[in-house]
Amino acid sequence: MTFTILIDTPDKEGLVYEISSIILKTGFNIEKNDEFVDKEHNHFFMRTIIKKEHNISKNNLYQSLSQKLPKESNIRIFEDTKKSIVILCTKEPHCLGDILIKNNIGELNVDIKAVISNHENLRELVEKFNIPYFHISHKINGAEHLIIQKCKELNPSFIILAKYMQILSPTFVEAFHQKIINIHHSFLPAFIGANPYKQAYDRGVKIIGATSHFVTNELDCGPIICQDIMQVNHTYSWKDMQKAGKTIERVVLAKAIDLAIENRIFIHKNKTIIF
Amino acid sequence: MTFTILIDTPDKEGLVYEISSIILKTGFNIEKNDEFVDKEHNHFFMRTIIKKEHNISKNNLYQSLSQKLPKESNIRIFEDTKKSIVILCTKEPHCLGDILIKNNIGELNVDIKAVISNHENLRELVEKFNIPYFHISHKINGAEHLIIQKCKELNPSFIILAKYMQILSPTFVEAFHQKIINIHHSFLPAFIGANPYKQAYDRGVKIIGATSHFVTNELDCGPIICQDIMQVNHTYSWKDMQKAGKTIERVVLAKAIDLAIENRIFIHKNKTIIF
Amino acid sequence: MTFTILIDTPDKEGLVYEISSIILKTGFNIEKNDEFVDKEHNHFFMRTIIKKEHNISKNNLYQSLSQKLPKESNIRIFEDTKKSIVILCTKEPHCLGDILIKNNIGELNVDIKAVISNHENLRELVEKFNIPYFHISHKINGAEHLIIQKCKELNPSFIILAKYMQILSPTFVEAFHQKIINIHHSFLPAFIGANPYKQAYDRGVKIIGATSHFVTNELDCGPIICQDIMQVNHTYSWKDMQKAGKTIERVVLAKAIDLAIENRIFIHKNKTIIF
Amino acid sequence: MTFTILIDTPDKEGLVYEISSIILKTGFNIEKNDEFVDKEHNHFFMRTIIKKEHNISKNNLYQSLSQKLPKESNIRIFEDTKKSIVILCTKEPHCLGDILIKNNIGELNVDIKAVISNHENLRELVEKFNIPYFHISHKINGAEHLIIQKCKELNPSFIILAKYMQILSPTFVEAFHQKIINIHHSFLPAFIGANPYKQAYDRGVKIIGATSHFVTNELDCGPIICQDIMQVNHTYSWKDMQKAGKTIERVVLAKAIDLAIENRIFIHKNKTIIF
């Protein structure tokens, strides 16, 4: 059996030694180990993949670690099981389609529990892949409440906003704390808000980009997971930028989903530490 | 003899035909030709390099073109002569040093008329290359006026702000309209103003960048010439970002100077068209 | 109506003038114009998009151009109609899936006439999108002949090798001269032939890449259309490289298809000129 | 005092625990720690930066480590002192100039003991920075022997081939085993040998690159340290590629020198592991 352990805790001497000592005593082999100390906040992060032939419960391992480590430690242990996602989208199909096809061909290893949209136009695409599609128009009363209920019911590991053009309420954000991943079509913090390609075109930039980030209550200001860019020039209209940018959006969102489901991301003080 | 012609004018039918017709009649060969029409503003841009064995004055060529082209046309003709620059800097040597060395080894083909700084610390470096160095402290009364006077006297093709940490007054900007090139150490419009690396670190971005642009009266908002970025991650302190970013700053500023002295840049409505 | 004209011809004085003159006389507006002169071979290339309200036959326009231009000129005129492709693949779904989904959502504007594979495993994916799927095993006698026949019958604008693991015979290459586009999973000319990621891993490179190119009789040596790369490091096994590389392969092949169907590519002396 | 410890050894259980245990017992704090296991060769790599207020000799620390670790372990301990280099070059100044200026302004923290060239033309540049310049023409008998002698006498941490256009003999390579760093102006393994830009131009590639690597007896085949590329297109002559490529060459060589002098590189089976 394989576990991935994520530990973060105020830094102190000997943490690597202590943690590796505990793991060895439980009879696990360390397959992969990464550490980082944030010197600004004096905080320690460690991600360890461990393996053992005989079974041991996650709880027992957690007990061993939490007894020896400082109380302030944040210890998470993940079994090697498939994660699940719910995808929220509006009308644009390119990020959604990329996730669907990658999942279908096994390149993305995730259980897509459902796609929820405030429009009907993406149903045909989604149902090609035998994924449940829920149309919840944002025009009806309590639309967001219905979406939250549906998400709670489906209980996914992560909620993916694949070009979802609605702003989530604090209630929504709180209900899925650090579990909602958005793709924004600019290199944040440039061009926050609506129509970033139009903003980029008007500013005359020579690069456009995309940013995947966790959603917080401040619009487009959550912890950044990854970003990429491409060069553009004066021949690009903003529609050309929008078209070209789709490729970066797809790549950046897919990368973020991969990192999330592989338990590679720590969130600390509105930043990500990614191993 | 070789001329580079830059023409921009409200678009209308047959401009390429008309301009190439005039050029042919003057007995020139077209060596290289680039055109672009900005469909949003319906504006035409053309850059043409022409060659001829026998001599012809720039003025005669200008007359031929301006007589036939619409009155609103903006016609610039550049002879194949070395451009000159004056460099303004503060204390940081990396962009300055890069320009000095590239010019020394012939990779940058420009006449550096002087370096003006509000500090003394760069004098030794500059004088190694036998370039005049003027120290004009920003603490003395009328410092900017003195700098403007010195620049007017030296009359360079372009003024290069190679990490010049003072904001230019509208008087300065106006005196060298579309001739002042700045390097800003972020991918604008993100992180305008002071200490962009600290801002980038605090925001937790995964890319840092640099932007060269013409200086206008709005801080860091002039027409962008070129931009580049590099990937960073959680292991970078803001000092690490600052150190790594120097490479991008150097590359982006050197590129902008090259484009400017090769007469490749049009400025139109706060954007650049670059051939 | 809109036409795209591609002209290439030995360079001589006044070609831009002449061609634009002919176009104007036929009553067309020039929407976009790009030229290039290959100084090494003294060869001229021009791509022009022209527009007119009233109809004119392609043939008439061709006549006007060919009468005035030198006999050696290669003149191609494309109407603004949808191109078609046939996709050849083996077992890997990632490039195929990307083309299918992009076409389905309208991001790629092409008529996919069929997918031909020497295996059965991709049928389900292809048929989701109502595209004909032909399984022609390479183990049967005359398999390639059957594929050629099928392609001739379908008569596509381009044949796309989306990870097709068979080498085409000269007969095949000749039958679809300059119409077959391949994706090779390395930055050519590095790692020609089988298993480039394993080759790249063994060499210890720090970048991996992908190359789209026209197929000629020399393996992986045809005219390159586009290339892209990504940084890797010592933590990548060759399987990791293979997985990560899929993203570049998809992007580079999709880009090449876009350029081809938009009539942007000239082929000259085993190189491409792309506007 | 600060030490950087590089340990590589056949992998076995508990190495991180063991090594961190030894370090803690010597009273050091671990400032930074990175590990990697090469699963293909079952080999373990660890780089640790440790700090302590009181002094301890490097030898004592080495003893503690080598007594407890397996005999096959390769243990290197570096004090926090300035490294030194000798630069070999031929006629091209751009990489040399970049190193000289970066060192002068403190961006590169190294002691340049001398520049050795088989030509005279770079003397003036080098002597501006008060660095000894030795001209040893390759035309004289025993030229290489003289260079080896000079290098042995100067005893630098690394020898940097900054566009040195001579092939080193096995004697030379052996005398400075894993200490000679070269910059090759292509993305290796493409375009090994002479004039890679011409080769790249002839092949019609859409990217050009540069590679820094340790020198071995097989030409351009040593362990790769870093690589970078830039996009080019049909408008680039091979002279244009050569000019544009200088920027990548400079950046890639400077990066390699930084990594080497910061003790970040392991060499194992013709590959580098870089922390």
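By written order: A, B, C and D. Residues from 1 in each chain.
By definition in this document, contacts are C-beta pairs under 8 Å (C-beta built on N, C-alpha and C of every residue); 3 or more make two chains touch, one makes a residue touch a chain.
As the structure is a prediction and not an experimental result, all values here were calculated from the model.
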Quiz prompt | Centroid comparison with subunit B (C-alpha atoms), farthest chain | solution = A
Quiz prompt | Chain pair, A-D or C-D, that carries the greater number of C-beta contacts | solution = C-D
Exercise. Report the inter-chain centroid distance for subunit A and subunit D in whole angstrom, where each centroid is the mean of the CA atoms.
Key: 38
Exercise. Compute the distance, rounded to whole Å, between the mean C-alpha positions of subunit C and subunit D.
Key: 41
Exercise. Could you tell me which residues belong to subunit B and also touch two or more other chains?
Key: none
Quiz prompt | Contact set on subunit C toward subunit A in their complex | solution = 93-94, 97-98, 100-102, 104-105, 107, 125, 128-129, 243, 246-247, 251, 254
Quiz prompt | Parts of subunit C lying in touch with subunit B, wherever the complex brings them together | solution = 13-14, 16-17, 20-21, 24, 29-35, 37, 231
Practice problem: Please name which positions on subunit A make contact with subunit B in the complex. | Solution: 36, 38-40, 187-191, 203-207, 209, 223-229, 233-235, 237, 270-274
